[in-house]
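Per-chain residue numbering starts at 1, and chain names A, B and C are given in the order in which the chains are listed.
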Amino acid sequence: MFQVRIHGRGGQGVVTGAEMLSVAAFLEGKHSQAFPSFGSERMGAPVVAFCRISDHEIRLREPVMEPDALIVQDPTLLHQVDLFSGLSKSGFILVNSGKSFAELGLESLLHTHPINRLATLPATEIALKHIGRPLPNAALLGGFSALSGEIGIDALLEAIGDKFRGKTGMDNKDAANAAFHLVQEKMRHAATA
Amino acid sequence: MLQQLEGSRAIAQGIALCKPEVVCAYPITPQTHIVEALAEMVRTGELANCEFINVESEFAALSVAIGASAAGARSYTATASQGLLYMCEAVYNAAGLGLPIVMTIGNRAIGAPINIWNDHSDSMAMRDAGWIQLYAETNQEALDLHIQAFKLAEALSCPVMVCVDGFILTHAYERIEIPDKRDVDAFLPPYDPVQVLDCNDPVSIGAMVGPEAFAEVKYLQHRKQLRALELIPEIASAFSARFKRDSGGLVKPYRLEDAETIVVALGSMNGTIKDVIDEMRNEGHAMGSLAIVSFRPFPLDEVRAALVDAKRIVILEKSLSVGLGGPLSDGVRKSLSGTGIKGHTVIAGLGGRAITRKSLMDLFVKAEKDELELLNFLDLDLDIVNGQLEREKETRRSGPVAENVLKSIGTVASRIA
Amino acid sequence: MSLQPIKFYQTGTFTVGNRLLDESQRTVQANMRRTNSLNSGHRACQGCGEALGARYAIDAAMQAAGNRLIAANATGCLEVFSTPYPETSWQIPWMHSLFGNAASVATGIAAALKVKGRQDVRVIAQGGDGGTTDIGFACLSGMFERNDDVLYICYDNEAYMNTGVQRSSATPPAARTATTPAAGAHPGNIFGTGKNVPLIAMAHRIPYVATASVANLHDLEAKVKKAMAIHGARYIHIHVPCPLGWGSHPSDTLKVARFAVESGLFPLFEAEHGEITASQPLRKKAPVEAYLKLQKRFAHLFGEKPDRDTIAMIQAIADRNIEKFGLDSPP
């Protein structure tokens, strides 16, 4: 079972991100379970959503305590919330930021985690460019696909298209695709560096 | 058709397949997504021939359903927590009148302190109201139980609550098989009321009954529930035959063969319990579990038959009978009368506290070593409790308990569970 | 409905419907073929104004609805005295659920009829003032604002009579009840309290609101028939004396009701979509004393040393009504 935890703030589409990820896994024929951290519905409040992906039926109902991957939608949470709680040493970390881990004050991660499991991604900028609104979730999922390989970009694009119809769907898919290629490029660069 | 859906959306689709004629709604977290989805289906015509009524309170929601049901319409509503308590009087009334209303409970704690998260305090508070209560373990089962609930309710002319863990199920996306419309139509015939407000055959419904017959009328309510003990398995097996999957029934045993320790629980926590049991079985522990689907009527015989060979029973409850223990334990212990089997009540998951594999594993190991009390509280933070008891000892005006406790533990935004 | 002979015991009052009128102008109650929807043999007290009001109203509604009528009833005297199981006085499909939910139950019945394509069957909800203006008020307001196709009839006897005469929000100032005793410096119910539900109903801008009195049968029936000709939420508030709770003589029920109207204390008016469209001018204006003196609940105002100040305050209420609702007879 592969477990993902998404951290963000109310209004950024954190829960929708987990939902789309679960739909993408479903489309790939896997079992998946997405659920939010069940807070009050307030804009700006810290929000956590979870997604489990497995080849078998998922019966577990506890929150994701030991994630295999973290997606951080809002970098302002980095030093406020215990984001990395339970993350395994081989876990993936994707942070929505144009800055590097060192610039974000997270150099220690570079020593504890394999370099090919870490990425930052300017997902909000990508969203603004393609969607016109600061909704980074689709872009982050695209980046997550490239970083982890846990979910295929085709299934992801289909899931995004299921959630957002028409032009919004196209724009979100464009954002996801752009992020996918950007992270893929980064990973290739990191591998050869 | 197999789909990846939010639980609430799946339940709403299941309800729509049952063709309710009157749906009344009042918003309360966490059931709201269900009635929102139904509102949309009525507006778009996907759910035709249905009146969707936005009412001013839960008391009105169930009262509208009572009127509609008495006038011969298949009626549905949903609520949770404070909403269920607010309609309490009508909950008893619907059962007393024998109206086959189906209501979803998105299980949630009851305040004070106000809390929007999941536990079973709400439906447990209505356990003696005369409604049948079915608890879903997964969203697939939640959907399936609603289809069975209408059939059961209408067969008995008795209202049915389908209890679905708030957020944990209602807000979770998972794969769900949406039944075929034709199958549901064949399984669930149109509502044929046993009593109806009809101008061609006027009756008075709901008149006063004095001591001369009140006990008999109440006993007949009890008889309906006894009859439900037979009907629930029948309906579940008819469902299984038509829809090719098992859902519902009275109880669901899991790995009971040679089990020395058996865990009994309601609702979604059975999933986590099964995972823990598998893990412990792999390590050689003789563990099993029994999920109770039908809490009212309580299947005393089936529970006894499932548990009778065990050494000890751990009853996990998301509800606290303050001053006594747990309501589920009352039934389980009654079913074990005279067996001498040890029963341990464990109150867990109150107000949305996560029930984790780790905590359960520790608990079950303790149970095997016979280290549990009669009444236990899972993951209770005694430092918090004792801190408040200290404050109360020190000063008469110690202030509001909830505020004190929160002050003492500081910010919780950094916690995952 | 079986045809039964009607005996005109009450000749000489307005209640029977004037037999001297042309047949077409006579009341439903004067008609030998009236449905007697609330049949004789029920357990109401002697002189019960509510029993009278309910029969008047429901018979008129039945005639208007072609005898296709369903009623939802709040808990209260009307419910208790009409259905001592296994007997029931109701000749129509009738349902009692709870004290505070008659309006909602009626909404549900109307919704069921609509979905089943039975718009020919009409729905009435009814209750006393407690079940309407107090405990049932939220459900009533909800039914109004949704404009559900229900006629709600409140039989107002100005206190909780079924439980032994306690104050409600319809109890008038100075009236003695079990919870506003005639004791202390300001005996009886407190001035400046209570609510006027017909005016609140109007604030919902529902199609039709009316007040009526058992003392004016023609007017009451006309209002019920008018209400039944309209679809959507409608409200009729009928003033019904309670000999037990008011301490009036059972044979004086209509007299008391008439004085309530003629004094201006209970103005008769109609409103459509929130605007008053008509009011019933006083036939023979009476001082409030004429009304108060007939009732023991106001006895503390009289006695050896009449409480002139309090009586004047009540007269001022009547005078304000006369002005506000234009009740003065046209010159």
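Here are some notes:
Here is the rule we use: contacts are C-beta pairs under 8 Å (C-beta built on N, C-alpha and C of every residue); 3 or more make two chains touch, one makes a residue touch a chain.
The structure displayed is predicted, hence computed values, not measured ones.
Judged by the touch criterion defined above, the protein chains link up one after another in an open path, with no loop closing it.
With centres computed from Cα atoms alone, the innermost chain of the structure is B. If you average the Cα atoms of chain B and of chain C, the two centres end up 44 Å apart.
Chain A and chain B have Cα centroids separated by 34 Å. Our note on geometry: chain A versus chain C, Cα centroid distance of 66 Å, whole angstroms.
Of all residues in chain B, those touching chain A in their complex are 3-4, 6, 30, 116-118, 138, 165, 167-168, 171-175, 268-272, 274-275, 352, 354-358, 413-417. Touching chain C in their complex are the following residues of chain B: 21-22, 24, 49-51, 53-57, 59-60, 63-73, 75, 89-90, 93, 97, 197-199, 202-209, 213.
Against chain B, the residues of chain A that register as touching in their complex are 5, 18-19, 22-23, 26-27, 31-38, 40, 46, 48, 58-65, 80-82, 85-86. For chain C in complex with chain B, the touching residues are 67-70, 72-73, 79-80, 83-85, 88, 90-98, 100-101, 104-116, 121, 138-139, 141-142, 145-146.
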